[in-house]
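For reference, the structure I am asking about is given below.
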Amino acid sequence: MDLSIIGYDPAGAWIKTADTADELLRYRNPAGITWINVNDPKNTGEISRIADFFHIHPLTVEDIMDTGQRPKIEEFDNYLFIILKALNSGDPPVTEQISLVLMEDTVITFQEIPGDSFDGIRKRILNNAGRIRRMGADYLAYALMDSVVDAYFLVLDALGAGIEDFEERAIDENDTALIPDLQRAKQNLIRVRRVIWPLRESLSVLLRLDSKLINDVLKPFLKDLHDNIIQAVETVENYRELMAGVMEVNLSSVSNRMNGVMKVLTIISTIFIPLTFIVGVYGMNFVFMPELNYPYAYPITWAVMVLIAAGMLFYFKRRRWI
Amino acid sequence: MDLSIIGYDPAGAWIKTADTADELLRYRNPAGITWINVNDPKNTGEISRIADFFHIHPLTVEDIMDTGQRPKIEEFDNYLFIILKALNSGDPPVTEQISLVLMEDTVITFQEIPGDSFDGIRKRILNNAGRIRRMGADYLAYALMDSVVDAYFLVLDALGAGIEDFEERAIDENDTALIPDLQRAKQNLIRVRRVIWPLRESLSVLLRLDSKLINDVLKPFLKDLHDNIIQAVETVENYRELMAGVMEVNLSSVSNRMNGVMKVLTIISTIFIPLTFIVGVYGMNFVFMPELNYPYAYPITWAVMVLIAAGMLFYFKRRRWI
Amino acid sequence: MDLSIIGYDPAGAWIKTADTADELLRYRNPAGITWINVNDPKNTGEISRIADFFHIHPLTVEDIMDTGQRPKIEEFDNYLFIILKALNSGDPPVTEQISLVLMEDTVITFQEIPGDSFDGIRKRILNNAGRIRRMGADYLAYALMDSVVDAYFLVLDALGAGIEDFEERAIDENDTALIPDLQRAKQNLIRVRRVIWPLRESLSVLLRLDSKLINDVLKPFLKDLHDNIIQAVETVENYRELMAGVMEVNLSSVSNRMNGVMKVLTIISTIFIPLTFIVGVYGMNFVFMPELNYPYAYPITWAVMVLIAAGMLFYFKRRRWI
Amino acid sequence: MDLSIIGYDPAGAWIKTADTADELLRYRNPAGITWINVNDPKNTGEISRIADFFHIHPLTVEDIMDTGQRPKIEEFDNYLFIILKALNSGDPPVTEQISLVLMEDTVITFQEIPGDSFDGIRKRILNNAGRIRRMGADYLAYALMDSVVDAYFLVLDALGAGIEDFEERAIDENDTALIPDLQRAKQNLIRVRRVIWPLRESLSVLLRLDSKLINDVLKPFLKDLHDNIIQAVETVENYRELMAGVMEVNLSSVSNRMNGVMKVLTIISTIFIPLTFIVGVYGMNFVFMPELNYPYAYPITWAVMVLIAAGMLFYFKRRRWI
Amino acid sequence: MDLSIIGYDPAGAWIKTADTADELLRYRNPAGITWINVNDPKNTGEISRIADFFHIHPLTVEDIMDTGQRPKIEEFDNYLFIILKALNSGDPPVTEQISLVLMEDTVITFQEIPGDSFDGIRKRILNNAGRIRRMGADYLAYALMDSVVDAYFLVLDALGAGIEDFEERAIDENDTALIPDLQRAKQNLIRVRRVIWPLRESLSVLLRLDSKLINDVLKPFLKDLHDNIIQAVETVENYRELMAGVMEVNLSSVSNRMNGVMKVLTIISTIFIPLTFIVGVYGMNFVFMPELNYPYAYPITWAVMVLIAAGMLFYFKRRRWI
């Protein structure tokens, strides 16, 4: 576990790390905005300490500690509780649970995987970049959610590049690994969708929510975030349709190839089987076979066989098999 | 039939079993919370006796006795009536109807299959573990429903492990038992879904219900329960998609194998059929066949045949069949 | 056409049949509840006579006479008009239109097929069984609808038994009648669904309806009826999924069989085609074929052929075709 | 273009035709109900003249002239504007746009195809049949819409008869025209659905509309019309399912046939290929082949061959291939 | 980047182009309606200058500059912000983002691709054609959106013509390029749908919006636009169904062809394989083969072979294979 605290107001900003919850809470910023970040929230005692301090409901604490939660937004008397899932590139993409508690002047975030997901925001605060220092805790919460959602598009772009690969492989009917690979990609997509889909609903809830914790000034930003999530959902749906298309093209390729194979077999077989029968006839050892002694029997046999072969080829041609 | 009664308040707790409804009702706790549990509710007389005592509607009694009910929540003047279905591992999973009547200070549960589904709750009450002794009858009802829903995930995990098996078997195209096995697993999943699905709706009803029987303090717990059920529903939907994927991978494996078989057959046939015709020609017994007497006819015939075979192999290579 | 009238109150009950509407209306019960039943409503004049007497809208009369109506519930100023469809076992199941006019103290039913669908209710009234004599006209209407819905489950159970048959037949890939039989069963199911499905909606309407014709006491009964209809709808959906499963298992059986056939053909062909070529070679009649005179040529040829066959079997084994 | 005007009140009715809009408008009935019918509305000038006279919005005029509109109902200050599509039998069914402007005492209809769609209504007005002469302009509009919807069922019945044909053809696996025919029928159905589907929504709008142009007396009639449209929509959906069923039965027939063909080929081939090899062996011309001189070699060879054939047939029998 | 400004009122109209935002803003029309058009909005500075002047929210500016937005309508205090996507013919169709800011007397449009999409509107303003000069800024915004939506139908008509091509190609089972071509067309359709679909929702929002920026007079026009978009959406859905139909017809064609090929192979093989065996028998070189010396053995053999062939043909005929 890994605790850090950032305090800021339009005039300045500072960051501190702490080893215990008690140390952390001492650093709290009474005047401006405080952002507490907890990495890898495993230590129940410390988290309960923080929760008690901010009057956070025990069920919220349970949800923070259980990383199998689905994205949701819950309103409590004194805070909003938001769970979302960050996505990191990989095959399959790695899912990370981010819990976010938004209070009047304080935001607490809990990250499942220690890492630098929020480094960009940290820098914007410390360097006073953009409007973040001039806005409230609600804007900080928005900025954190926005950075999580932006990362979805990186993962989606990687998946999209994979689909273009599949489209090229689809017409190669010898690529027997295509379907298992495609299936794996589909399952990655299902995984991604499970992360993004519930967020759409949560954001709608957040937009309709009439909470005193969210300033009217923030509404256009949340609408924008909602639009981004809808775009991510639509991209996922689009990828699913493209993947289904890859499957169909491949099935049709394989079936076309099969057809070609069958046709060659049929043509060769149907031409030579009767001819082989004819030569078999004159290979019989009967004593009384008048044809065998006719001087022109051999060339006549050849002529008959050529005629049969030509007739068959003509028939195939007419039925447009060759 | 098997009757037990538990009484508790923050200060203490006791448990008693009874043979008849009358005996049971004598034990009722006037001050604290009373929980009556009826196993295997078959004896109409005894159940009517209990129902009359607590002013339970005749239709509720009918629903309790008929174990073919679907999960639902009904509000009556003096009680809430909840039917849910417990799931026990097995192939197919065993379904058990749990009926629950929530009154002001009393909870009555009816279990179809005598067993220890609620043993954990019983111990928490008797040992004063967690917050259960300090809360009302509504929390007891929540805790009972929660323990039923928790058991769903055990069954779902077992099904999930089965799907991983299927994914391995999918690429073995000789496994002719895969599809029937998969179909059986699918039907188990359908069965599980029929148990979980209506519960989601019932919980939504319960959340919106403005009943005096449910304290505001309970709302976050019910929301949490609702989230769990949604997660179970989504897991079921996810499993269905994974199973459909297994099917597709297997169909594609089988069809790839078929293609391979066809190709070998075609190549062997198309190479040897013309050669067999040629050797047949020189097996004919015509008296006048000039080639037969040419000294180099035999090696020339071999050379021609090798050329034909090589030409065909080259053609197959060029069309990328081998 | 066939007219009967039943009058009852908690104290007593009587039944009369009549030949004409005028005779029937004379029997009307001024104090208690009156139930008029019309079998096979074809005679426009008589029905109009009844309709005029009770101030029934001309469109209602048209709907009663036209047996192609879909289930619905319509509220008029002085009555509720309910159309539902009874199902009788058979292949395909026989549908019968039941029209029901509920007024303050009177229920009029119109049955398309003369029969004893409502005999159970009649006996309960005449023998004072259950609570029916103590309740109003609205309860009579409920009891009639309930008896129609109960009969659905008989038809559904028959269909369900048929599905179990199909599941056994699915793995017999020689059963070429399976698919047409399955298709016929599916169409029966579609027919049943068309009867049940709109009823669900109608009952919801009835539950929300705030009509003075329906007493509050009846609400739990209507909810129960609604639950039953939902259960019937879900059973139908479940059967459809099971039937789709039967189809998939059968397709996979047939395709597995096909694979087996192809494999045997390929193995026999690919082994013997090269051998047949070899024996053909030494059947040629060239004068100069040195091998023919070698003393060990014949056993060597056999040895070569056995080697080729063994090599091929080994190759098939390694590719796991046999 | 072709203009006609009908005036009526309970006491009488008359019909007139006109060449120009001005002449037509002179005939207008100031006291009773006026129905103006315009066939083939191509002449912009004349239609604008009528539109100006009745204060019809320019967009309504545009919609009337553009026959590619979808069914809809729009409320304007002084009139209701209704577009629906008439269907006439044919392959594919012919679609005709009907525009209807309902004002207080006047109905104007625009028919795309000159014809007698509304002749029945005209006769009912002139002969004072039914209740039409006693009702207002809103009932006339209803009667016109009703006659359009009634005609849908003629087209649907023709399609339904076609489906029965398909069901018989489905099991004939040599009927290669079935799938294209079925596809054409499906597209006709799609066309019909596009005409009926939006009307359902429009009628719902009309039912909810609280317009002073529609008398309360008309409500049951509109509900009835709505029911008819829903029935038409359900018939369409039902036909689609039946067609999908035809497809499945046919695919299964074709695949069964294919299986039968493959089996015969395999059995004949696998029996004779080894036998042909054996006779080939003894057709070889090696000088030293001891068997050739054994006196019983020939009958022994036959015996061996019969044994092999019998063994194979037994094997096929045991695997239930024959 | 490319800036132009049009000012108009019922009395007159003028157009000017500008190089910088400052120059542009000087031309602004204080009395009548002003329409500013920005082509290829890449220059952040200039756009910020315009945005600041008209008090446009920074998020709107971001959306204008990012051409990956989905169609939407957002209401701000002093303006409506509309994003839509223009479609230009091509394979794949080219998408262009159009952003539109509607203020009280001013409309600002941003076009991603410099071009003449709006030339028709420009001419109507300058030539005082139609009602545009007499209406407000809201009508201008409507006219611009309408011209974008009208262009959709050009693209849809091109796709529709392509589908007719596909329908002809579907029955040619040698057209192996059909499926990839169809897939590409499907993806174009998906692309088009993604552009049109969200617009439907946006227009619904616009219709329900009670903004002072939109005059009541405009409502019928917006309804008309909404109808057009719904028609476009339905056309897209219709095309998807037609494409699925093409796929099915093609699959069935290919499978029919395959069947024909298999049947010919089977018939030829099954007839000649036994005959070839027979001639092989009498090609054996056994010393003691009594038949060989019978004088009529040869014609009898022929007779037997003809009988076998005839019997097989009769069998095939009876099973309706030929």
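All chains are identified by letter, namely A, B, C, D and E, in their written order; residue positions are counted from 1 within each chain.
By our rule, a residue touches a chain if its C-beta (ideal position, glycine included) is under 8 Å from a C-beta of that chain, and two chains touch if they have at least 3 such contacts.
Remember, predicted model here, so these are calculated numbers, not experimental data.
Any chain bridging subunit A and subunit E, meaning touching each of them, is missing here; the list is empty. It takes 145 degrees of rotation, in steps of 5, to superpose the Cα atoms of subunit A onto those of subunit D.
Separating the CA-averaged centres of subunit C and subunit D is a span of 25 Å. Once the centre of each chain is set as its mean CA position, subunit A and subunit C turn out to be 41 Å apart. The set of subunit C residues touching two or more other chains comprises 262, 265, 269, 273, 276, 280, 283-285, 289. For subunit B in complex with subunit A, the residues that touch the partner chain are 171, 220-221, 223-224, 227, 230-231, 234, 238, 241-242, 245, 248-249, 252-253, 255-256, 259, 262-263, 265-266, 269-270, 273-274, 276-277, 280-281, 283-289, 319-321. Residues 57, 59, 62-63, 68-70, 72, 74, 76, 173-174, 176, 179-180, 183, 186-187, 190, 194, 247, 251, 254, 257-258, 260-262, 264-265, 268-269, 272-273, 275-276, 279-280, 282-285, 289, 291-298, 301 of subunit C are the ones touching subunit D in the complex.
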